[in-house]
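Below you'll find a set of structures to go through.
Two complexes follow with chain A in common, the first pairing it with chain B and the second with chain C.
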Partner chain A sequence: MLLVIVSGLALGGLYGMTALVYNVMYSTSKVLSFGTGQFAMVGGICTAWLVLDLHWPLWAGLIACLVSGAAFGWLSEVIAVRRIVAASDEHLWVLSTLALSTMVQEAMSLVWGTDPTPFPRVLPQEFAGIFDQKFWLPMILAVLMAVGLEQFYRRSMVGKLFIAMSEDSFAARARGVATDRMRSLSYVLAGVLGALSGFAGGQLTFADFALGTALGLSGFIALAVGGIGSSVGALVGGAILGMLTSLTAHYFGAEYQKTIAIGLLILLLVVRPQGLFGTTQVRQV
Partner chain B sequence: MTHTRIKPVVVGLFALLAVALPWMTGNVYYLHVATLIGVYWVLIATLNLLVGFTGQLSVGHVGLLAIGAYAFCLLAGGQGWNPFLALLAGGAICAVIGLLLGLPSLRLPGFYFAMATLAFGLIVSELALAEQWLTNGSVGMPAPSFPAPFDTPGGFYWLVLGIAGLVTWMTANLARLMWGRAMVALRDSTVAASSVAVPIYRTKLIVFVFSGFTAGIAGGLYATSQTYITPDAFIVNLGIYFFVAIIIGGRGVIIGPFIGAAVLAAIPELVGPLAKYGTFFYGLILLIVVLVLPGGFGELIATLAAKLRREPQSATSIEPDLPSLRNAVRGQKA
Partner chain C sequence: MSKMVIPPVAVGRRRVVAGAGAAGLASALAMPAIAQNKPIRMGWIAAVSGMFASNAQAQDWGFRMAVADLNEKGGLLGRKIEVVMRDSAADPSKAVSFAKELVYNENIDVLCGPINSGEALPTLGIVSGAKKLHLIGGSVEELIDPVKYPLGFRNLNANGQWIKVGVKFMVEDLKKTKVAIINDSTGYGVLSRDAVTKFLATHNLKPVYAATVDPNKPDVTDELLKAKAAGADVITEWSNATGFVARLINARGEQNWNVPIVGHPTILQEQVAKLLSKRSYWDNVYGVGYAHQIVDAEGKLPASVQGFMDKHKDSIGPYMAAGLPAFLQGHAAVTIYAEGLTKAGDSDPMKVKAALESIPAINAPYGPFIYTATDHNGFQDAGIKVVNANAQLPNGGYPAVKIG
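And then the complex of A and B:
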């Protein structure tokens, strides 16, 4: 039973990190990218391939993982977001990020195959039940990431610019903020954080090409439950969803996980559309 | 107005060509591909009403297709119902499920709705694998074929053609009349549409239920055309294919998505080596169309046709009426 709770929280950490990645991109561009989960997938597969197949040392694998995430994040801004945001058609970014996400997933499966492969051990630790690194690594990293992002938003100049853009992009531009460059930067940051979450959760999920879509959906549910734009909400939403998923799998069987998760999403959105920690936006005109 | 005379001729020629296809090609495989395009079209035609006209991005229609296919196989194969009755029952079941799915999810904004339908598609394929007592799990089940005149490849092709024609006619009627205006209006501006008394939620819901119904019909036809169904046949990628067909064909045009569906279905089937890269290319084509040609090929063709007819572009024809303007200004001054 304890194992069920711990693995649920670990999954919740992974979902929470994905929700944080959504938030970073949403703050500067108001785009919820379909490819958010793919950062973790790309990072995880890259690391597993470099470390296990090519026998790179682990630190080099981690660096390569982060670099691949940064490159993918930057590319997704350049290819799928920049022109769409400039054209300001609110439906098109769903399509362009969906297209890019599909392409990346297919390319990864064509090159590295469709079977999940194991992920290397990060720390030299014997398997230790509920205290194993595959459980606490995503949990701790999720909390660290949330705290770090909050500090980043509040203390650093760049973080404050992100906040300014999320409140009013035009006003920020009028005040001399290089909004295009900031948007690129936020996508690079999102790519790095996403790849890092894939690295942290790799031992839990394995390096699997289908991880991206599943994680994108779960991370989005965590985000919607917690409320868009809130770091605490992302963590809490992730933890709720992770626990629910894990308990469902324990009591009813793994095949009902998604049904329960989407049930939670729809129930919460009907009762409280802005999420648990979100702020309401009533103005439509 | 030459195009009003041209249009029926083109449609008639196309219909004649479509009906005559089984005699023209002796190749059973080509006929199978043509049948498959027709089956997809039954689903895509009304999904176009939802995605192209109403602007609701449903990625998970493959779930409704799967439910329709399983309902058809269970009722016509297991329970021994008349296949036509089972086909209608499958459509009705999908309409009800579409209603249940649409009631909460159509209240959500764009990306939320896309995610909810994506999740629905994933749930259905998960449950089709898990509920072995109903679906045989990954083993799958055989699909019954239709009675006598429709049991040959040619006969089944004509049946699909008939249903596809009927669905196209219904779709075109809906799109052309008041309903279509309401859909386009609420797609372009929900606020403006509701201010002129378009019932936003009800319109979306009715379109969604209608598209659910034909998705169920398409599911039954799909099962028969494949003769055997497994959960693997209904992966989410198929839903993305439907979606891409509509977007590259052009949102808000009836015939555009048909071209998209035909091209996308025919290329991997006819060019063997491409099948492996199929989904990758769907993604690539979607990306290119969204970036370069947001209106899809339907709009491109419409623009070219207008150029060919030398009709003046309506956007450039706004000229100020200078004399009356001058009079008005002078009148005000005097």
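And then the complex of A and C:
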């Protein structure tokens, strides 16, 4: 039973990190990018390829993983968000981010194939049951990522500008904030964090071209449960979804895993639409 | 410079009709000669890009090499063979539109493929409606029905044959009676679970544990421990998702539970071995393979298989990783049609059908095929053998499994 819980929490950590990545991009653009899960996929495949196939040292593989995430994040903003958001108030970014996500997934599958590939062990450790790194790496990194982001938002100037833009982008621009540049920066940061989540969860998921779509959906559910904009909410939402998935499979079988887990989450959202840690925005009319 | 002027000639209606009649008669008389020179056109749909690309590329290579070998000998019935190939990219809608294009616009004599069940199913009615011979490369039972699709013939084994041989191996060779079934949650996985249960019942056995698992679930230790708690002495898995299969083997190794795992041919793929934490986890793992992979005491493959590989040794390299069954399956599609066409002496689909149903045995390197008027499955159970995953030899063969 302990293994079921640990495995659920590890999955929750992955979902939570993806929800945090959604938050970073949403803060500056109000866009919930469909490519969010693909950052992890790109980061995971790049690391596995560089370390296992090209025999780079792990630290170099990690740096390359983060750089690939940063580049993909920046390109996402340039290609799928910048002009779309500027040109239209409609939610056309749904299409543009979905299109980019699909293109990247197909490109990765064409170059690296459709079979999952192994991911390197990060630390020299024999399999250690519930203490194995494949379980605790995603958990620890999810918590570190949430704490780090909170500090970033509260203590750094750039973080404060992100918050300002999330509250009122027009007002921020009127006060001289380079909102376009800030938005680009937030996508670069999101790409880095997303790729890091792929690195953290690589031993659980393998390096798999199909990971991004599944992770994007689960991360979005975690975000909705926790409440958009809240780092604590993203973590808690991820943990709840991971545990629900794991416990449902344990008690009822995997046939009902998704239906029961997502059904319970829908129920929660009916009761509390803003999510557990979200706030309702009041608009004066 | 002079210019030749052709005076206008009045052309009446009778003259036109007479001329057309004469031309028609002339072309009809010339038809046998033209038909003799006209190439045999083999339509070929394979998903050489997309999810099943590596296997399909190997099948495509085997198919083309078989055609090249026949053309080298002068073709079939004195006619060269032309391949009209389409890449369905593992997309059933593309497979359907390519099947329509090939049977209606490309004037093919036979359609081979698509080569996986999900793509093949929606093409059956189209090819049957166009009255074209169809060599079907999927293993799902429903693909073959001589009443509904009289021109459809399978050029590999059916899924039930794999499972039947796998269950027989567990019960009769390994002498195991407490079987745990762990399958993925795809339609294929669920159908296979039901088939395993059915074949176990023929041995008066019931599974002690059965779990259907999401193939993307990152950890299957929970399911494995439940199987152990249920007292299982063998696990059988039915999935073609390499990640899922590897996770199952890894979980068994990590729990130090050396119970045998018997399963789908995917379990034999090198791609699975690459995902294992330790290569030794592959030791007590068995997959359903083929008699054409079994080597003799000297490590040699059957002569027909080795002969084909030797002949094409310069180009076989990239396709060895997919395994012998992949390219030999592509080869089998060509061989089966060639034998039927040669016996029929005519490319008329009904005549080729009758010929295929009357040939005592088609001995393709892939294995023996015997078709009858009521059974278009063809592949014989004797062509399937269970092999030990970690015993593959550099030539792609396996030694016969020795128990005990």
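We adopt the following convention: the second predicted complex is superposed on the first by the 278 of 285 C-alpha atoms of A that agree within 3 Å, B and C clash if a C-alpha of one lies under 4 Å from a C-alpha of the other, contacts with A are read in each partner's own complex, and residues count from 1 in each chain.
Going forward, a residue touches a chain if its C-beta (ideal position, glycine included) is under 8 Å from a C-beta of that chain, and two chains touch if they have at least 3 such contacts.
Bear in mind the structure is a predicted one, so any value in this text is a computation, not a measurement.
Trainee: In the superposition on chain A, see if there is space for chain B and chain C together, and answer fit or clash.
Mentor: The answer is clash.
Trainee: In the overlaid three-chain picture, which partner chain does A:Leu223 touch, first (chain B) or second (chain C), both, or neither?
Mentor: It touches nothing on chain B or chain C.
Trainee: Any idea whether chain B or chain C touches more of chain A?
Mentor: Touched residues of chain A are more numerous for B.
Trainee: Look at A:Phe127 in the shared chain and tell me whether it touches chain B only, chain C only, both, or neither; answer first, second, both or neither.
Mentor: second
Trainee: Report for A:Ala80: first if it touches chain B alone, second if chain C alone, otherwise both or neither.
Mentor: First partner only, chain B.
Trainee: In the superposed arrangement, does A:Leu269 touch chain B (first), chain C (second), both or neither?
Mentor: In the superposed model, A:Leu269 contacts chain B only, not chain C.
Trainee: Just checking: does A:Ala40 make contact with chain B only, chain C only, both, or neither of them? Give me first, second, both or neither.
Mentor: Neither partner.
Trainee: For A:Leu110, using the defined touch cut-off, is the partner it touches chain B, chain C, both, or neither? Pick first, second, both or neither.
Mentor: So A:Leu110 meets both chain B and chain C here.
Trainee: Which holds for A:Val94: it touches chain B only (first), chain C only (second), both, or neither?
Mentor: In the superposed model, A:Val94 contacts chain B only, not chain C.
Trainee: According to the stated criteria, A:Thr259 is in contact with first (chain B), second (chain C), both, or neither; which is it?
Mentor: first
Trainee: Look at A:Phe206 in the shared chain and tell me whether it touches chain B only, chain C only, both, or neither; answer first, second, both or neither.
Mentor: second
Trainee: Superposing on chain A puts chain C and chain B in one frame; which of 98-106, 242-250 or 260-268 is the clashing stretch?
Mentor: Stretch 98-106 of chain C has C-alpha atoms clashing with chain B.
Trainee: Based on the A-chain superposition described above, do chain B and chain C contact any of the same residues on chain A, and if so which?
Mentor: 110, 214, 253, 255, 257-258
Trainee: Name, in rising order, each residue of chain C that touches chain A in their complex.
Mentor: Its residues touching chain A are 49-54, 185, 211-214, 216-219, 221-223, 225, 242-243, 246, 253-254, 271, 274-275, 277.
Trainee: Using the touch rule from the top, collect the residues of chain A that touch chain C in their complex.
Mentor: Spelled out, the residues of chain A in touch with chain C are 3-4, 7, 10-11, 109-110, 113-118, 127, 129, 201, 204-206, 208, 210, 214, 246, 249-250, 253-255, 257-258.
Trainee: In their shared complex, at which residues does chain A touch chain B?
Mentor: 32, 79-80, 83-84, 87, 89-92, 94-96, 98-103, 106-107, 110, 213-214, 217, 220-221, 224, 253, 255-259, 261-262, 265-266, 269-270, 284-285
Trainee: Write out the stretch or stretches of chain B touching chain A in their complex.
Mentor: By the definition above, chain B touches chain A via 55, 57, 59, 104-105, 107-108, 110-112, 114-116, 118-120, 122-123, 126-127, 129-131, 190-191, 236-237, 240, 243, 247, 276-277, 279-280, 282-284, 286-287, 290-291, 294.
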